[in-house]
Amino acid sequence: MTPLLAALPPVTVQHYLLLSGLLFAVGLVGVLFRRNIIIVLMCLELMLSAANLAFVAFSRVHGNLQGQVMVFFSIAVAAAEAAVALSIIIALYRARGGVDVEDAAEMKG
Amino acid sequence: MEPVRFLGLSPLSWVVAIPALTTLGILFTPSAAKNAVRRIALAGMTLTFGIAIWILVQAAGDVGLDASARVLPRLAQKVEWVRELGISWNVGADGMGAAMVFLTSIVIFAGVLVSWSVEDRTKEFYLSLIALVTGVFGVFVSRDLFWFYFSYELAVIPMYLLIGIWGSTNKEYASMKLTLYLTTGAVCALVGLLMVYFRAWAFLKTPYPSFDLDYILMARDAGAFDATWRGMDFQVFAFPFLLFGFGAIAPMWPLHTWSPMGHAAAPSAASMLHAGVLMKLGSFAILRIAVPALPEGAVWWMPVVAVLCMFNILYGGLVAIAQKDMKFIVGYSSSSHMGYVLLGIASMTSLGINGAIFLMFAHGVMTALAFALIGFFYDQTHVRTIPDLGGMSHQIPFIGTAFVFMSMASAGVPGFANFASEVMVMFGAWQGGLKWQAVVAVLGIVPTGVYLLRAVKGAFFGPRNPRWDGLRDAVTPFQRLPFLFLISVLLLFGFWPRLLTDVIGESADELAGLLARAGGG
Amino acid sequence: MGPELAPFAWAILFAPLAAAGVAGLLVRRRRGLAAAVAVSGMAVGLLCTLYLLARSLGAGEGEPTGFVHNVDWIRAGAFTARFGVVADRLSLLMALVVTGVGTPIFVYSIGYMHGDEGYGRFFACLSLFAFSMLGIVLSTNLLQTFVFWELVGLSSYLLIGFWFGKDSAVEAGKKAFMVNRVGDFGFLTGIILLCWSAASLPSFAGRNPLDFADLAAFYRAGGYEELAKASPHLLGLPVPALAALLVFCGAVGKSAQFPLHVWLPDAMEGPTPVSALMHAATMVAAGVYMICRVFFLFEPFPEALHAVAWIGGLTAFMAATIALVQTDIKKVLAYSTLSQLGYMVMAVGLAGATAGMFHLTTHAFFKALLFLCSGSVIHACHSQEITEMGGLRKAMPSTFWTWIIGTAALVAVPGTAGFFSKDEILAAAAHGEHASLPLLVVGLVTAGLTAFYMLRCTALTFFGEYRGHGHPHESPAVMTLPLWFLAVPALLVGWLGFPLLFHGHPWFQGEFGITGVKVHEGPHEFHLPLALVGTAFAAAGGILGWMVFGARRIDAAAWKERLLPLHTLLSRKYFLDEFYLWLVRTVQQGIAECSDFFEQNVLIRGVVDGLSAAVKASGRALRELQTGSIHTYVRFALAGSVLVVAWVILSAARGGNG
Amino acid sequence: MDIAGPFAPVLLETLSACGAGAVLLVDLFTPEARKSRVGAASLAVTAILFLAAWFGMEAGGETATLFGGSLVLDGMAVFLKRTFATAGLLAVLAAIRYEDRLPRGRGEFHFLLLSALTGMFLVSSVGDLMSMFVSLELVTLSFFILAAFRRERPESVEAGLKLLVLGSLAAAFVLFGTAFLYGATGDLTFAGLRDHLASLRGAPPSRDLLLGLLFVLLGLGFKIGMVPMQVWVPDVYQGAPAPVTAFLAVGSKAAGFALVLRLVTTVAGPGTKDSLQLLFTALAFATLFYGNLAAIPQTNVKRLLGYSSIGHCGYLLMGLAALGPASYYDESAAASGAAAILFYLLAYALTTFGAFLVVILFSAATGSDEMDDYAGLSRRSPLLAASLTVALLSLAGVPPLAGFFGKFMLMRSVALTGPAGFGLLVAGAVNVVIGLYYYLCLVKRMYVHPPKDASPLPVTGPTAALLYALTAALLILGIFPGAFVTLASDAARAAFGVGG
């Protein structure tokens, strides 16, 4: 431990949660404003990761492993989701010739 | 008391079951076999008519007897249907119910006959017609709020199809409007029914709530509806939901606008049922459910009805004067006549209520006759507006004569049931303290005469018009049967009103007594 | 005489109904049979009436002279409406008028309507009318009277508009029906008012507030004062007085009194036998009969009687003036009828029921006779315009002589039926309990006018040269025999009431029927001076009429020019029809159109369609949220989520309970 | 069932997972010309599942738990599984009528249907948040692919993408919320959540827990099409292949509601009921009006049904709003709300498939989903028109059909909350009328308007039989609902821990 680090206040669960919330917010903002679907997808994954972080932090607080187990499941799910998402994005690219979110705005009303 | 059952079902259950089975029978008949469809419908409705007569005869026989010697209570039948919700198949009839069942069976019997000439999608037509009447019968015999509401709603959609498919004049607009209006009324009433249902259960605290009307009435006697609800007296709060919900179909001014339009657009048999029976559901429901369940609410709100019904009577009559389309004339006249029914109810006297129920019957038969007649010539002329018609009595004297009979009945000329009932309402209104309304009701006979005589003259009288030389009159006994049948019913009960008023009397006495105890009358 | 004779009374009522039913079923086939059935129905009624009348007149001292037989017609709550027959001298006299005038007219119709397309229908309707009229006559209570009141209106409508191919006939029928309905509005309101004000009194308990006998008994026991005390004034009048006036409204309508008289002249569009039977002899007299029946309502209230008398007098005078200028033979008779009805009503108002009934009876016979004569003339000339007639006395002697008899009776030539009854009315105006000089003057002037227009009509029809087309012939025996049959009573029936001859006969003495109609106080006197004055007025009118139109000493055309505004006023019937037309076409139609406008535009287009348009518009607006862009969707979802979360968290923080 | 041995509680899940694999195998070994065998195999699997669900499971049996409480099999689970099995069977039947239009991948299509079905079976018996997330994602992921399955059609891809983005967002919400719930209670099982709330003894729960709960509810709200998470519904319904839409409408919504019900029955307690009731009342209001109002101007049948399904979500939310404030609270009201939801889901499943079957057949014959092309259908094919009409009327809630009784139960359960539920009751009533209007607009086209193209649309025997069967089922459920109501009520009461 360097003195610099020691000078900082101790890292509590609140900090993890703050980070987690921040990550979630960043992801959300990305989903809200980015037009490239790949980036939107990445932002979505970021939001899942934010939740994972919270799980791990809480797992630490409660001293049981349920939260960590949950993280494994969620990572697996996220991977599957990414795979499905990419294939759909490819299909979109083939159909529309672009991966802009606004490319898929035919149906409305 | 030995219950009366045929094959396990009470005759009152059969009154609903036979039309339901007729519907099924028609459903499984091939579309091409049009005559088979017609005959099945006629057979079913004849049978129902027979049962209805039997019930009315029993009801007449019951008058003045001890409770133990009566037949009508033995016709009641209760079968648990959905225990968790407190729903049971619960049918029963008093004099009022018997009269209304009789009315319905008359109108549908005639309706089936006058629809004999429907060639377009005959099967679907009769299917809708009989499904509609199944619902109507259900309302008149139900003593369970669920089945009451079920039947009430059931009657609406077939009407949509009947008007939408086989109708005329602006049928799309009219059918949609009618359906939405009636449904709005129905769901408004449903809100009221559910409030009553909840209060009854919250007060009696039985394991399950119940939709049984007797359960509701028991709760009423126990004082379940005397509580406050959202800062108001519960009865005063809940009654308008039932009143205006049912009133929309009654139709109470200013909720009446669906009705003339619906009449005008509907095919004959549908108009007959619509004006003859469907409109009576509203006032019947007020008398069967709203008033018994919430008598104090009724006493509070009846002055409002007494004001609105004046609009019905006079305004309806005046608007009818301004109409040119025959069906609109009869349509607005119906809304005017229903004002008398509402006035009778609002009088809160036995006489007025008796008159109101009797008038429901009389007007039902009369208006069925009216629409059957208009339909008869409209099918051939394809015009109904007075300036286009005229002089048809030269070519179709039978229809012309029958139309004069109908107009006279509608105008409240004695000898027809309408007169006796309207007079009862007028006397009842005055007796109930509604003096101005009574005067308005009497005054109402003037515009009634104006538009009816104008219609008669406009359609049937005047110089012979060669345009109508091709018209066919009702010549065979089979063609004439529905008209003669309806006219004779009107005359029979007009000459001897006690055939019906005695039967209705006890229901009316009971309601009036209830209202009097609740502080009115 | 007691209720054991009830079947006869019921037979009087229902024989014509049965005839109507049978004739109605025979409309198409067996026309002759339909007529036969109708005539025999009427004859049965006549015979039963005569039998009952004989029994009533033959009733011994202390024996009842009438009976009542009732069944309950409607029972609801505390309300009972009855249906029954009353056979007392009043009703039997009236029934005699109806059946006695009716039977010959039915017979006459066989000839008159021969060959008409609606022959069977005609007899069915005529029998229906007879049933309705006898129903009024035999009615035991107010509601039953009203029932038949309306039925008479119905049959009148059907018969006036009998030739439904003619627009004017249909319009006339409509008008008759509607004007009567206006009167009926008052009538029924009065019945209801009377019924419940009486029923609410404890002293009335146990009686039926609609029943004539019960009401009369109640009034005799001071019911009027009791009623007036018990209930507050309505419209500035004591309740029983108002009820009496409202009931009188019914009579105003049916008996065609001013201002509801306008239908009667138009009613002449119907076949002539109909005019004779209904619009001269019976139906229009129903109002007078009804007032006599309920005279007890008016008795304690002199102002009401006064009003009645004035309405009658006004009608009598006004109609007579209009009759002066009519050119249609039936219209002349129609206005004459109006005028005579005015006399009757005036009589009831001045002198009580008997004088009115007396004139009613005599008038029924001679006016029916006159109408049938006119029918015979019309049958022969195929025209109703007296300007197209003339010189018929040679071609149609029977018709001519019977017409002369009828005219004599109408203008009150001494010794004829009309003389006695009219004299009684004038006497009442001069000397009676409610004597009134103005009304006496009205009566006398009207008598003069009557003679004038009748002689005008006679002269133009039967004297001079024939001005019409074709060659008129005397009508067949089936038509002339009834004329003679009616001519006899037209001449003689007045003697029944001649005080010097039949003085003291129970017929016109003491109490007159179950409701206790009283013959006016004191013994009848024959007022010779008054009779002379009356005759002088009539003679003056008659001579003047003959001078102008018969002898042509005075130039009618020149006088017409000179009095043109007056002539116009009279020939346009004081513009009353125009006024009513304005009322119906402009006022009523205007209100109706306004209501319709409100209905179509405010209620339907405004409220109902507006509501549905608002719902649809909100649907379209919501739809705009769905832009198709994923970004909008995410923003929408997020904004919504934030709102939900913020709301819950904030409410949890504030409420602290969740 | 003895033959299932220890797998009895997860019999359906096991069967459908194995069936899904089997279908893939069949596809692998079937030559291109005889690909209809794939559908037959899939049908066989779902038929077995249907029979097993309705006749192989005891409704009132003991509650079984598995994997340490991750999965439970109680009455509610059984009822839901039966609904899902029915929906699955119908989805496959619909897919078979559709698959001729699939250029390729019939095996995958059926496989995905069955895997979604497996997910639904799992959803109905989840016992903790972990299995909730996983099973939910199984359903969701399958539908991502299914929606975009016709990738040669741009709207299908668009539907898939929209479902993907918004679905993933919702998944993130659920996961994030789960994390907070875990943080607040230290346990992932529903039982633990219940115990935690019980330990509060009526005190309001912590803000973390509330937040977590809200996030999860909003995430699940996506599945069920609840405002404000409903945005994807119309587009996806319109763009996805029709059988998928039908299955999505029924299965996905039911799965979402199964989870919401689980969650709410768990957390509903003295401290939370008031705010939950208020929350669901507000959400039900918004959802009802949004769905029904925006449906009015629609011209595409699938899109119309999409909006209508939002409206139906609103009705279902009424059942949740029946939890009632404390003063009027009675377990029966809440349980009746849950029972109404269960019954409604079953009725809705049958009704929706009734409607979509006709949509599929119609679009197969004409290539159109536009409402205007339905003009005169009653003359072209009376059976199709009648079946669609019956289904639409059932959706509208007209007696004597299943939908009527479902709505009646929901309104009744709201009414049992007394004055508090009054406003929602009125809103529900108003929406019945609005709903009826737009359904009737379609009925009107079929019956009143003249056909543009009068050529008849023949219906083959088996299809006709299926339509008849569905119509009959709607009638039976509407007129003789007693047995099903008993099942639903028992399940709901058990879930709330009331009575039997």
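As written, the chains take the letters A, B, C and D, and residue 1 is the first residue of each chain.
Definition applied: contacts are C-beta pairs under 8 Å (C-beta built on N, C-alpha and C of every residue); 3 or more make two chains touch, one makes a residue touch a chain.
None of the values given here were measured: they were computed from a predicted structure.
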Using only protein Cα atoms, the chain sitting most centrally is B
Between subunit C and subunit D, centroid-to-centroid distance (C-alpha), Å = 75
So, in whole Å, the Cα centroid of subunit B is separated from that of subunit D by 41
Averaged-CA centre spacing for the pair subunit C and subunit A, given as whole angstrom | 97
Any idea how many Å lie between the Cα centroids of subunit A and subunit B?
-> 65
Junction residues of subunit C - those touching two or more other chains | 623, 626, 628, 630, 634
Mind pulling the residue numbers of subunit A that touch at least two other chains?
-> 31, 40, 101, 104-109
What are the residues of subunit D that contact at least two other chains?
-> 161-162, 165, 169, 234-235, 297-298, 437
What chain pairs are in touch here?
-> A-C, A-D, B-C, B-D, C-D
Residue positions on subunit B within touch of subunit C in the complex are 177, 180, 254, 257, 261, 315, 318-319, 321-323, 349-351, 354-355, 391, 393-394, 404, 408, 412-415, 419-420, 423-424, 426-428, 430-431, 438-439, 442-443, 445-447, 449-450, 453-454, 457, 460-464, 496-498, 501-502, 505, 508-509, 512
So in the complex, which bits of subunit C are touching subunit A?
-> 623-624, 626-631, 634-635, 638
As the complex stands, subunit C meets subunit B at residues 72-79, 81, 143, 146-148, 150-151, 153-154, 157-158, 161, 164-167, 170-171, 173-174, 177-178, 181-182, 184-185, 188-189, 192-193, 195-196, 588-589, 591-593, 595-596, 599, 603-604, 607-608, 612
Which residues, counting only subunit B, touch subunit D once they are in their complex?
-> 31, 81-85, 121, 124, 135, 146, 149-151, 153-154, 156-157, 160-161, 164-165, 171-172, 175-176, 179-180, 183-184, 187-188, 190-191, 194-195, 197-198, 201-202, 209, 229-230
Subunit C contacts subunit D in the complex at 615-616, 618-620, 622-623, 625-626, 628, 630, 632-634, 636-637, 639-641, 643-645, 647-649, 651-652, 655-658
